[in-house]
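Okay, structure first, notes after.
Think of it as A, B, C and D in the order they're written, each chain with its own count starting at 1.
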Amino acid sequence: MSAHPANALPLLERLPVALRDACTSWLPESWRWLANSLLSIVAIFVVFATLFALLTLAERKILGRVQNRPGPNRAPLPFLGIRTYGLAQPLADGIKMLTKEDIVPRGADRVLHFLAPVALLAFSILTFAVIPYGRALLPVELDAAVLYFFAAGAATELAIFMAGWASRNKYSLLAAMRALAQLISYELPLLLSIVPVVLVAGSLSTSEIVEQQGTWLFGVFPQWHVFTPWGFAGFLIFFVAALAESNRSPFDLPEAESELIAGHLTEYSGFKYALFFMAEYFGMCALSGMGVTLFLGGWQAPIPALAFIPSYGWFAAKLLALLFVFMWIRATFPRLRIDQLTRLAWKFLVPLALVNLFTAAFWVLSSGWAGPLAFARWLVAGTLVLGPFLVLGRRLSAGLGPRTYRYA
Amino acid sequence: MLGSGLLQGLAVTAKNLAGSFHDPARYVTTEYPEQRTKLPENYRNFPFLVHDDPADPNGTLRCVACQICEKECPPQCIYIVMERDEKGKALRRPKVFDLDISVCISCQICVEVCPFDAIKMDQEYEIATRNRFGGLLLHREDLSKSNAYYHQIHPTEAAGVDAALAEQKAKQAAAKAAKAAPAPKAAATTATPATAATAQDSAISPAPAAPPPASAPDTPANPAPANPPPDA
Amino acid sequence: MSLAFLLIAFLTVATAAVAMALRNLVRSALLLGASWAGVAAFYLWAGAEFLAFAQVLVYVGAISMVVLFAVLLTRPSRDEGAVSPASAGRLLPALIAGGSVLGVLVGAIVGSPLRTAAKPPLAFTVRELGLQLMGPHAASLVVVGALLTVALLGAVVIAAPGRPGDREDPR
Amino acid sequence: MNLSPLHLCLLFSSALFCVGLIGALSRGNSILVLLGVELMLNAGNINLIAFWRFGPAPAEGTGVLFVLFAIAIAAAEAAVGLALVIAVHRHQRNIRLQEANHLRG
């Protein structure tokens, strides 16, 4: 899976790569790279498709528990009738989705109607290529990996437009435009929030960014980017923007089930709908993976004593933790209104991200400060983060406060 | 500060998430087919007919096919035919008692007008059926349920009904005893019309059974029912 | 010459040609998105990794979106974005002009002895690009930034309705 | 005739350029004209990259920088151009270039 000189690593660390190489060792040398790439793609797809299936279940379980319900717990294993605490639920859902009628509206653009979910899924899978899953597990080593990630992410917007337009339904189209407005608005804070990381790391390569977070202060305290003032602010901005980019609650206006029908997905059914659903979860996973990579130290262990656990284990743990927060937030917050959504992006997140860029620049410039100056460094950076947050937050709250309705 | 409210909200949901695992008071779900909540005593949905002897459900129906309920029913979902013997004499029990619960509005008027405490409200709610056209049309056999069942679902109400019935029975017995000695007319006039009617029903002895009375108040106006059975 | 290049070139030109000939504007725009992605693939093939991703980000992510928005905003109400195909009176001169330009270009290219350097080891990393941008080309970078800002503001001013004298859209 | 890779790249770019040119000249819809111009710009960028890649000094990266700036300018051009299209549409309710012959709306 990687161009790393992985042989120096312990066996457990490079187990997936070793397995893959064992599978392809019988092939002639010239074909091996192709087989290796295909195997990597299949592995990534299988892992994340399984994760998708489990996430749908986990999400419903967590939502259920938050509302003091058990969540899905009945679906039995096929032909056996044994209940598995709902573990067979994704299977049942999948069969249901596959066997449903695939409806294409009359007059719809059939080609685009079909291509939209496929393109969306393809673009979301592309983003998995540059995330370092472990010390030896980086599918594609790219010089401009972060840029690649966001370029592939930007292409998904085209697929959403295709879905809305091909449905030949004015509500689908309007909803697609709204979805695009949201995605484009939040792309800005998302990109601006990662610029400080690139600035500090001096690299667009994900593996290098992770490597740089692999040191420990005083031997115990991990130096992940999130544990710096600018990194903390950047991570929060990134997280909020990621919520909006992956159409997750509380920013799930594009497909607000209870208010709009399903936005650009209105005219989709059956397997195509399942593909959209899958792409949404893939996008969520990819953005979480990027967040882990950029801010949470990637596959690095939190303390050196725990470094014996394989790096992909740490990555998976962090990824799952972040995905849990996604679901926790979904269980907590009500949906925003469209004006609140755009105001949050343009009046709050973007200015904060721009200020954060200055904070990061200060952090880089003051990297030599030591002793009492280090304390001053933290103080200044903290003020630079907290001050704008308080000022902008006050103005934001003023607009978000209780409203009086004239005719209510 | 912006965000404190968000954190509070997250704390609330986290508390629920954790609490639902260890705090039974929070975990309020009843897993329906296996677990059922006890229905409130006064819950009612559709009527059923009470019979006294489980060994003979159709023979001991309290219903005398008086058709009061059929006439009172607002959506007219009851259909009754009285059973008659070969000579065409009315037997004062229903040959047909059909109740379409897809029409019934659960208004309980049939129960209130029944002079014989023969029709009561049921609590059976699993009434889904695969038969679209006749599945919800209940017949006499489906409707007939024992007094013990009635006690089980509406204990307080059933006890009251039984007490009233027993009282009337006693009264009737006293009246009979009185009739044996003095003039029979006196007993009939002392008994209130409705109780007289029910008493006659509950008594094993044949009831007066005015040929289908139009309504309950009419029954007493006619002195005939108080008389010893005209045609039994 | 690798097969990959020929494939990329063919797909890029073909999608562009079909896009230019289609009646349906939305499909045109989407196909042009594919064509621009093909150009990005060419950059990737040529070793300009950063540029390829920038191309996708800017063209596929941004310009196609703006074009699609413009198509929908200016759509004639009677039909779904279909526009009349090029009339013969316009197509013929255009073909003649285009064909002659192509002829001249091809003749010139084939006729000229272009010497390519021996396969160079490509070592132009993002880091170097950044150093170049921030070093010798810093001034142009600033100018481009200013240009983008001005263009953005100008576009907003031009496209925004609501000046008092303006005729509102009668529909 | 022996064509070097550079030749092929240049032929590719000239083909793309002519497609854009024919499109821009033949179509009456201003959005399509704009898209044709964008295609021509892309063809130019391909030339720059080809000459950088196969030219004498690929390590200097001038071609990449040029294209980077060209892409930025193309983005600005597209934004302004489409804003103009929308403005034209507001005035004359269609975007046919033949009819856009007034200086005043």
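Operating definition for what follows: contacts are C-beta pairs under 8 Å (C-beta built on N, C-alpha and C of every residue); 3 or more make two chains touch, one makes a residue touch a chain.
Here the structure is a predicted model, which is why all the values come from computation and not from measurement.
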Highest C-beta pair count, chain pair: C-D
Gap in Å, rounded to a whole number, between the CA centres of chain B and chain A: 62
Whole-Å gap between the CA centroids of chain B and chain D: 86
Inter-chain centre distance, chain A versus chain D - centres from mean C-alpha coordinates, in Å: 34
Cα-centroid distance, chain C relative to chain D, in whole angstrom: 5
Residues of chain B touching at least two other chains: none
Arrangement of touching chains [line / ring / star / complete / other]: line
Pairs of chains in contact (touch as defined earlier), listed by label: A-B, A-C, C-D
Sites on chain D touched by chain C in the complex: 1, 3-12, 14-23, 25-29, 31-32, 34-36, 38-39, 42, 45-46, 49-50, 52-56, 58-59, 61, 63-65, 67-69, 71-80, 82-87, 89-91, 93-95, 105
Contact set on chain C toward chain A in their complex: 26-27, 30, 33, 37, 49-50, 53-54, 56-57, 60-62, 64-65, 68-69, 72, 80, 125-127
Interfacial residue positions of chain A with respect to chain B in the complex: 62, 65-70, 328-329, 331-333, 389-390, 393-394, 396-397
Residue numbers on chain B that touch chain A, as the complex places them: 1-3, 6, 9-10, 12-14, 16-17, 19-21, 26-29, 31
Contact footprint of chain D on chain C as seen in their complex: 1, 5-6, 9, 12-13, 16-17, 19-21, 25, 28-29, 32, 35-36, 39, 42-43, 46-48, 50-51, 54-55, 58-59, 62-63, 66-67, 69-71, 73-74, 76, 83-84, 86-87, 90-91, 93-95, 97-99, 101-102, 105-106, 109-110, 114-117, 120, 122-124, 128-129, 132-133, 137, 140, 144, 147-148, 151-152, 154-156, 158-159, 161, 166-167, 169-170
